[in-house]
Structure formats: C-alpha cells, structure tokens
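Two complexes come next, and they have one chain in common, chain A, joined by chain B in the first and chain C in the second.
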Partner chain A sequence: MTDATTTQTEQTEQTLTDQLTIYRVALYAVLITLVGFFLAPIEAGLVTSFKTTAAVTETVSYMPPGPEGFTLQKWETAFDQLLRGLINSFVFAAPATVISALLGSMTAYGLTQIDWRGQIPLLALLIAGIFIPYQAVLVPLSRIWSVYIPLTDLLWFVWAILGISDDYGRLMALSISHIAYGIPICTLLFRSYYKSMDIEMIEAARLDGASVRKIYQRVVLPLSTPMFAVVLIYQFTQIWNDLLFALILLSSSSSPAAPVTLILSGLGVAQQGTDFALRMSGALLTALPTLIIYILFGEEFAEGVAS
Partner chain B sequence: MADLKLESVTKVFTDDDGSDIVAVDDVSFDIDDGEFLVLVGPSGCGKSTTLRMVAGLETVTEGRISLGGTDLVGRDPQDRDIAMVFQSYALYPHMTVQENMSFGLEESTDMPDDEIERRVTETAEMMGIGDLLDRKPGELSGGQQQRVALGRAIVRDPAVFLMDEPLSNLDAKLRSQMRTELQRLQEDLGTTTIYVTHDQTEAMTMADKIAILDDGKLQQVGTPLECYHEPANLFVAGFIGEPSMNFFDVERVGEKLVHDEFEYPLSEETAAAVADTNDLVLGIRPEDIELKTEGSDPHDFDTVVDVVEPMGDENNVYLTFSDGGDAETFVANISGMQHVESGQPIVAHIPEAAIHIFDRATGKALRNRKLDEVEELHVQL
Partner chain C sequence: MDNLFDKLRRLRADEGDEPSVRTDGGTATDSSRSGFREFLGSDFVQSMPFWLPPFLLAGFFVYGAIGWNLLISLTDSSGFGPVDYSSLDFEMYFRAFGDPAFIEATRNTFVLLVGFIGICLVFGLLLAILIDRHIRFENTFRTIYLLPMSLSFVVTAQFWLWMYNVNNGMVNAFLGLFGLGPYNFIGNPELVLPAVIFALIWQFSGYAMVVFLASLRAIPQEHYEAARVDGASTIKMYWRVIIPQLTNAVISALVVLMVFGLKAFDFLYALVGGFQPPNGSDILPTLMVRVAFQKNQWAYGSAIAILLFLLALGVIAPYLYYEYKQGTI
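Up next, the complex of A and B:
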C-alpha cells in the first residue's frame, strides 16, 4: 500500500468518526430534550409540594424552594386528609385486582386448553366486553347497586358486626363492578399467553392422570407468574386510578368509605383559592402505591411483556 | 394381559370449510403383551394421529381400540393406564426432575408419599439420572431431558407405553445410543409399546413388529425382516431400506421383462408368479447387485459408473445403462474394499433370486426375493 492511499483511508475514517460523533450528539440532545419534556411536570409537582403557600406564588413553578420557603407541612396535611381514602382504595382495589386476574386466568384456561362447544361465541362476547365504555353503563350500574342489589341494606349485619358505616356496601359494589369490568381484558391477556403454552405438556399432564382442575392448579397456574405480574400491574393501576365509578357509586368525598381519588379531587380546593402545594403532595401520595406495585413486580412484568 | 387391539380404526378431521380429511383409514393391528411395535411412515401419514387415538387425546371416528379385552374408546386419557413420551419431552418446566416424575403417581394413584419417593428414586437410578433429581428441566441437556421424559413414563408402570418420535431431537450419536438403551429397557420391563417414527432405521433396529402407514392406510404389518425381504407392495419396498430399492418400469413380453434400456429374462417359475399381468415394476435392492468386470450371464448388464459415494465400509455406486447425460441412474451397494471410478464401464449382475416384481397398477408385490440362501450362524453349545 502506498503512502497516498494510507492517508486517504485515514481521512475517510476521520470523516466517518466525525459524522458518527455528530450523529451521537444529535441523538443524545433529542433524548435529553424528551426526558426533560416528560419529567418537567413531575419535577414541578415535586418541588411545589415542598413549598409554603407564599413560596408557591413567589417562585417560578419548576424551581426548588429557598430555605425559608421549604416545608413538609403540605405532605403532612395531605397524608392526614388522604389516609382514610388510601385505606379505602386499597380495601377495594386489592381484592378487585386479584380476583379479576384470577378469574381472567381461569376463563382463558377454559378457552384455550379445554375443548368444548361455544368457545367462539363466549370469546366474542368477552372481546365485546372490552370495548364497552364506562360512560355507557353509568346509569344501569348505579340502578343495579341502588335498586336491585343494594348491598348497603342487604349486608346490614356485616356492617353492624364490623362496626363500620354501611357506605362500605357501596365500596364493595365498586369492587365487584371493577372485577366484572376487568375480566374481559384479563382473559384476553392470559389467553394469548396460554395459546403459546406447550400443548404437549398439558396432554402429558392429562395422561399422567391429572383432572382439568388439577392441571390448572399444578401446571398452568404456576407457569402464569409473568403474565400475572403484567395483569396485576395493569389492573391495579386502572382500578386504583378510577374516579368515574367511584363518583357514581359513592358520590361524596365526605363518605367514610370514599376512595382516595374521590377525596383527592377536592383536596386543597377552597374559596380562598387553590392550595397548589397541597394538591401536588396529595397527587404524588396517591400515585405512590401504583409505583410501589410496579417496582415489586418489575422483573416478572418485563418477562411477561417480552413473552 | 396388556395386548392392544386396533380394529378398523378410522379418523376423519372436518376442515373449517366443511370438507372431510381422512387421516387414518381403516387401520387394524394387534400387539401382543410385551411386544414392541414401531409405527412408521412418512410425515403426515397418520401415525401420530393413530398413537393419539390410542392415548385418548383424539377421538376415534370409527372402529374399536381395546386393551386386554376392555374397550378404550370413549375413555378419558387419564383412565387408560397408558403413559406417553412426547417428541418435545413435554416436561413441566417449573418442577424439579423429582416432581416431574412424581406428578403422575400423585395424580393417578393414592400411593403414600414415601412409596412414591422410593419408586421415583429407583427409576431415576435405573435411568442414570439419580443425581439430577433436584434440577429443573431447563438446567438439563437434551439427552438428560429425554431420560427424565422416559423415566416419568416408566415410573408409573403403565400397561402400555406410547412414544411419539422420542429420539428425533437428539444428535445422531446420542440417538443410536438411546436406541439401544431404549430397546434393552423395554425388554427388561416387558411393557407393551407403540413407538412412532419416520426413521426406517429406528423401525428396523428396534421393532419386534413394524406397522407401515402411508396416507392413512396400513400397508403392512410384520417383523422387520419380513417387511424388508417380503414387502407387501411398492411403497413398503421403497420405504424400508437405505439406500432405497431400485425400481424399473418394465413390460412383460413372453418370458422377458422389457425396459427401455435392457431386457431381463425370467425363469418359468418367476414367470408363473407374475401370471398374466403385463405392466410391472422390477425391484432390486442395492446390496443384491454384484459388480463384475466382465460377464456373459443373461442377467449381466453393461453399465457405466455415474457417481461413487464412499462410506468407508461400503460404497454406494450410481450406475446408468448408457452414458447419456440425463439417463436414469440406479444404485448398487458394494464392499468398501472394492474400488470403482466415475465414468468407467462395469458389468452389473442382477441375480434372479433377489428380484422383486410388482404390479404397476396396484403396487402389489407379485414376487418377492427368495430367502433360500440365508445362512444360519448357530454355535453349538
């Protein structure tokens, strides 16, 4: 190779490296802008939640408070006011999530691994169920729970024995509504997962003498963990964040059984003006449980989404 | 008694558009207690479907399957006292080897836990997987998984083993090793077995009895050597044996078989066997063709060597009758110590005792090779 060609090759390599560097810089610039775009509102909410009422009006919203404008007061107030709601929300959301996931998994098992007539119409019905908008069922839903199945009255002895408000009957109604509403989507998620399961393995279990119930219990269910993580996270977030059904079935944030979203909607709103710091800390506090669930099941979630 | 009987078993699948597909067509065979039957055929011939019907994983459209005299049709798989080994092994990935093997006993019997554990350990030792009991299937090699799958079937001590191409996922070396081991295991246990494969070598080497299926129809049931030397029809003749039997489309004219390239004189006896059928197929196994440098026998033919495939112990020699470019070739199998070269002329001797003659229209064998010359090697003890 002559000197001339060597230099030329070097030059080409140099230009290539230059181009690559420019490309990298541009890429990171875009990425950082996007990250900023998504994080800015959360950052603004977070810093605002630590500001005194005076600091909120005096400082720019996304700047951290100065030493004299910093306070934990708002978080304390938010916690005091929301604690009841957080507990109520957990009481209705946790069972609703687990039960809808479990029922969805069982339905999907029945639709994939067992052969019987009428699977297609049932599947069609379930898929249709996914697309029913919340708004369309508000009136029938409230009538069912107030006129036809008034749990507050029917289970009066339960509330009496537990010594709690009969409004918890409405909370129970809310929980059951979410279970019913969640079954279609849970079924669909589990169905796609079970369809990819090794059929020969299920057949091996049948030949091993296991009944339909035993196969579900000992083979299908233990292998569903990744999909349960996906469904639990999705359902919990959906149910926890719901405001519409809660508003219809419990109606008042002053109810002892009011879930947290209902109380949050009125938090920090007064005639004197909106307490932004209090609203921010309340919102962050309410979002915390969904975040915790995600962290707890993160690993299985990734596995489930990948499958 | 665990003798399995299939009588006129038929399976018809109905397609989405309503048309019927006959997967298994009027198949009947018996398997005696303790016998090893290999069900062999090309892919899609219905052999797996037949096996799945015996297992109860597919319904039977028509016919009867009985085990030791009791009818199995309509019974659930779990009530048939049958264990199956799948091609994919179908192990439970979340259970350890121990749990995989115990599962069947726990579900199908009310045996106490310590008895189950004893039997699992015993079987695992026998299969050489005693030290793997705490591992999960994902941590095992293909060969080890295979042993677990077999062990899982054996530990249940069923009346019948069903095996659906259990060795096809192993590499060649391990496969031949497992073949021998499986055969010995079956002999020791004496359990009636149906083994499905598309590999004729497995069928020949392992079977007490072979059942050959093609296009859902049973072609022949017999011992491996019967199927090899006395094939019932063209399909069996071509399917069993590697390299395959050579076939020539011939026409019978008087006492001769006439091919485009050669004429083959027949003895009176052979001609009588053929009777008055004229459109025939002449078949000859590659190892029955002798190669000579010269010959004048009426069954000697001048040929040209096209391709030589040396295998070490033997050579597969592809021959043509004329030196034409696209001439039809046939294969002769000669000793590895005999050397021929591509392009050289050679005389091929096709002995009359070894020829097969088939009816071209029906495929039925009219005359099979004679086994007079079989040499018996018996040592006097």
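Up next, the complex of A and C:
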C-alpha cells in the first residue's frame, strides 16, 4: 500500500519535472528566436557590408561572403565619405549633450528641491515640451537661425580665425536648438531623481546656513553623478541620432558642416541602383558610437528610457 | 548612507568659518532683515538663477515657436522673402481640408500610429512577461531586445531597405520558405505602410518591454501567490490580476510611442533619401516638411504643423492632466 502510494507520488513528481523541463525549454526557445528577430537586420547588414558588389547580388543576404566575395573596400569608401560627418556630429552633439544635461539638472533643482509656490504649472509646461511634434516649431526655427540670428554672418570672424567654413555657424545653431529642446526631458529625468533624494541631507545643510547655490554645488551636484550618467547617455544618443533638425538647419548633405546622419541618408544612391554594401557599412559606421555606448552602458540607457 | 554623511560633514567643515556657533546644530536666521532684503534672500529669488534661464530658453524655443508658427499659418506666406503679417485668415486650414494629399497623409498617420502603438504595446508586454519568468541571462536578453532603440532612424532605415529588398532581402527569403512572395514591400503602395509599421515595432517594442518590466517588478509578490492559491492558471493570473495593474505603464508607454511614431519622418526620409516618401506612406510629418521646406509654402506647411500639433495635443493633454491628478508630475 505504502509502496504503491510512494511510487505514485514519485511518478507525479516525475511528470511534473518533465512538464517543467519542457516548459523551460520552450521558454528559452522562444527567447532565443526573439534574439534572432531583433538581431537579424543588423546581422544581414554586417555580412553585406563586407561583400563585393557582385557578391551582394549573388549570395544570400544573411550569409557571410566567400573568400572571393570578401572586401573591405566598402568600409573604406564609407569611412572616407562619412569621416567629415562623424567629426561634425561629435562637434555639435558633445557640447549640446553636456550643456542640456547641466541645465536640466539646475532646472530640476530649482523647481524640485527649493520650496515655493507655482512650481507645478511651470514643470507641467516644461514637461509638455517633451511630447510636442517638432514639426510644429520647424518653420519658426529655420527663420530664427536664418533671418534673425544668422550665426554664419554674426560670428564670421570666428569662422575666419579658425579657418573653417561659415556653415559651422549653422552647426552651432543646431547645437543650441538641441540644447533648448533637450532641457525639458533632462529636467524630467533629474526631477524624478531629486524627488527621491534624501531630503534630510539638504535640510541639514540648510540648517547650517548653506545658501541655495552652495547646497547645489556641494550636496546635490555630487550626489547627481549616477543620474548624470543616465541623462548624458540618453541625450547623446538622441542628439546623435537626430535627422530632422540637421536637415532643416544644414539643408544639404554636401555642406562641409553636415552631421553624419544627414550624409548617410543620401549615401550609396547612384544611377545604377543602390549600393547596398556601401549603405550597410555606412549605417554601421554611423551607429558605432551609439552602439558602443549602448553596449558599455546598457543599464543606464534602459533606466533613461524607462523614466 | 555613510557616503552622504561624509559629504555632509565635509560641507560643514567647508562652511566652518564660525564653527563655535554650530554646537546647537544650526544657526537661527537673522530676524533683523528688512522686507526687501528678506525677499532677495528668499528661496524663490535664490532659486531663480537655476531654473529661470533654462526655462526661458526652452520656453522660447517651444512655446514661442509654436505661437509664431500659428501666426505664420494664418498668413499666405510662400516663396522667399519676409513674411507678410498684414492679413490673417484661416485660408490655409480650409485648403488643408480640401487637399487630397492632406487627407491621405492624415489617414496614413492614424493607421501608422494605431497599428504601431497597438502592436508594440501587446508585443512589449509579452516580451516583459517572458523576461520576468526568472530566466537566466536575463540582462543579456533584455539588452538585445532593447538594442534597436539605440540606433538612429537613418541607420535602421538602411537595414530595413535591405531586409525588404525584392530580389535578395531576408524578409522575402523567409516568406519564400512558405511559398509566398517575393513582394516589393517598399514599391507597393498597399504594403509599404505595414512594412514601415513592422520596422518601427522591431525598433521600439524593446522600449515597451522595459516600461512594462519596471511595473511588473513593482507588483508585490503576494499578488502572484494569491492568484496561485486560488488555483488560477498562468494566463488567467496575468489577465485578471496582473494586467489591470499595468494601466499607468500602458498610458505612459502609449504617449511616448506616439512621439516615436511621429518621428518616423526620419525613417521615411532616409528610406528614399528625399522629401517624397514611398508612394502610400506619406504621413503628416513628411507632408509638412515637404510642403514647407521643399515647396517653400511656409504658411501652408505651418498650418499642417498646427493640425499635427493639435492631433498630438489630443493625446498629450489628457495624459498630462491624468499625471497631474495622480500627483506624479
């Protein structure tokens, strides 16, 4: 009797474990299939970028090229054509990222940690600015920078002294625009962080008679370091990846100050058809800085997008 | 925590010009100040240098520009030269409602937003539930699923142009396994919008996953256990107990996905390398930029922009009001 019951329990346990194993195997199978789904376009792009023009049409798009179809020449061409754009993108994206993050941190501090009435309406106005479609500001934006504040003309001596094209005035305008439109999101990110920050710290500093400015410099700013990582990564990715503002303010991919996304959007289009290998290597080259940042700081990136 | 106190101690040391006063834990504020000096020393005034300049900068570029855009949309401005603000009317708006291109772009915008946001939310939730099943290498899976979001639209447009290629694209190769195709996804006006939606889902479902995952993790473990004890199946448990608790996540993901969807301009521009997107995929953002910056019809472009803005506002305003009511702003 007892023996029979035991075997029965064992059997049920056995089937349960079996079921559990099958379930786990199926789960991982689905997860791995999804990895394939998310990586497939990138994989196809990567293998294609190493193919000769003949190999692009002759071989399967997701298979690596054979030894006779392999070439680095497309990468070299892409690098030659995009190098100027990569440099320009760094030149305008790096300061825009740092300044908008800093201003966002200051705004969030002024509107969160310092207690006075009327903060919420101001914050609501700022936060609404995150969600507006940028088309609604494009025409005035292009007028501001072309008619009212033409940095190409106003700062002509700067471009003359540096010996660079005055189109860099437009790149500077692009940078300032990204700062202005980046402030709302940076403020929101810092605000959620400052709200959860230990209020006792600041209270203690206040009791010690520290001024609003001193508290920011000595307490809030040093404690913001982890959030700065999140905001800088998020902002840099956003600004680097943007096309719309660059298109409106720089207008032509042949401009000496054109950012990389603007040049890439017209790369590899010829009369004979699209040079896919060149396009793929160009796309990967453009994506490289954000990809490296993403691989190194994936956690911070996820945190930035989640809030 | 120790770190915080360290910093505080250092701060006190830095401020230590009159350390003897501080033995009682703090100094009383000087009560002999005049009203004006008190105002100048108040937190409000002291905090102004922090938030006012950035606020004005952002406010000018966002609200100043939208107001200006509205004004331009009421003129008849086109071509080169200054804008003539002397006669203002709604002519451009009437023109939009009678323009077949505008009607088609509006329809496509709705199809794109509804299809993209709807599928993205469902797919993102499924991904989040899968990731939340106590799996190994969780971080790796999550990182890979979110990876496309770190790429520029300009970059993903190149990848998908190749994926959708008629002769050699991976999508047609895959469909060929089932005896389907090949289809000319980009060239066929019937297929191009679904194809673009699919590519956008690929790029942003990882985002929806991250948002849902954060809010799944915030649900107390007891809720799962209680459902288990009640003998609910896994599917029932999620449907009845867990998903209703995700309302906030759904709403905020929806709004952000809408913003991403309207940014699909970059994607469509990069697909063809020009202002005219593939036939059948013209949406309001592409139409607006083309009208304003290719045809130089500033007033008409501005009017389309305002209509697009109102469309977005119809989603954003209730959302912000909701957040405000919830006290989460």
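Keep in mind that, in the parts below, the second predicted complex is superposed on the first by the 292 of 307 C-alpha atoms of A that agree within 3 Å, B and C clash if a C-alpha of one lies under 4 Å from a C-alpha of the other, contacts with A are read in each partner's own complex, and residues count from 1 in each chain.
Heads up, the rule we're going with is that a residue touches a chain if its C-beta (ideal position, glycine included) is under 8 Å from a C-beta of that chain, and two chains touch if they have at least 3 such contacts.
Everything numeric here is computed off the predicted structure, so don't read it as measured data.
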Exercise for the section: Mind working out whether A:208 is in touch with chain B, chain C, both or neither, as first, second, both or neither? Expected result: both
Practice task
Based on the superposed arrangement, let me know which partner A:219 touches: chain B (first), chain C (second), both, or neither?
Solution key: both
Exercise for the section: Look at A:37 in the shared chain and tell me whether it touches chain B only, chain C only, both, or neither; answer first, second, both or neither. Expected result: second
Problem - Partner touching more residues of chain A, whether chain B or chain C - result: C
Handout entry: Partner chain in contact with A:60 - chain B first, chain C second, else both or neither
Key = second
Problem - Touched partner set for A:198, first chain B, second chain C, both or neither - result: both
Practice task
Across the two complexes, find the residues of chain A that touch chain B and also touch chain C.
Solution key: 198, 201, 204-205, 207-211, 214, 218-219, 222-223
Fill in the blank from the handout: Listed in rising order, the residues of chain C that touch chain A in the complex are 4, 7-8, 10-12, 14-15, 22, 25-27, 42-44, 46-55, 57-66, 68-69, 72, 82-83, 127, 130-131, 133, 135, 139, 141-163, 165, 167-170, 173, 202, 206-207, 210-211, 214, 255, 258-259, 262-263, 265-266, 269-270, 273, 284-285, 288-289, 292-293, 298, 301-302, 304-306, 308-309, 312, 316, 319-320, 324, 329
Exercise for the section: Flag every residue of chain B that touches chain A in the complex, lowest number first. Expected result: 55-57, 76-78, 80, 82-84, 86-88, 90-94, 103-104, 107-109, 152, 156
Exercise for the section: Using the touch rule from the top, collect the residues of chain A that touch chain C in their complex. Expected result: 27-28, 30-31, 34-35, 37-42, 44-45, 48, 56-57, 60-62, 103-104, 106-107, 109-111, 114-116, 120, 122-144, 147, 177, 179-181, 183-184, 187, 198, 201, 204-205, 207-214, 216, 218-219, 222-223, 237, 240-244, 247-248, 251, 261, 264-266, 269, 274, 276, 279-280, 282-284, 286-287, 290-291, 293-295, 298, 301-302, 305-306
Problem - In the complex with chain B, residue positions of chain A that touch it - result: 198, 200-201, 203-211, 214, 218-219, 222-223
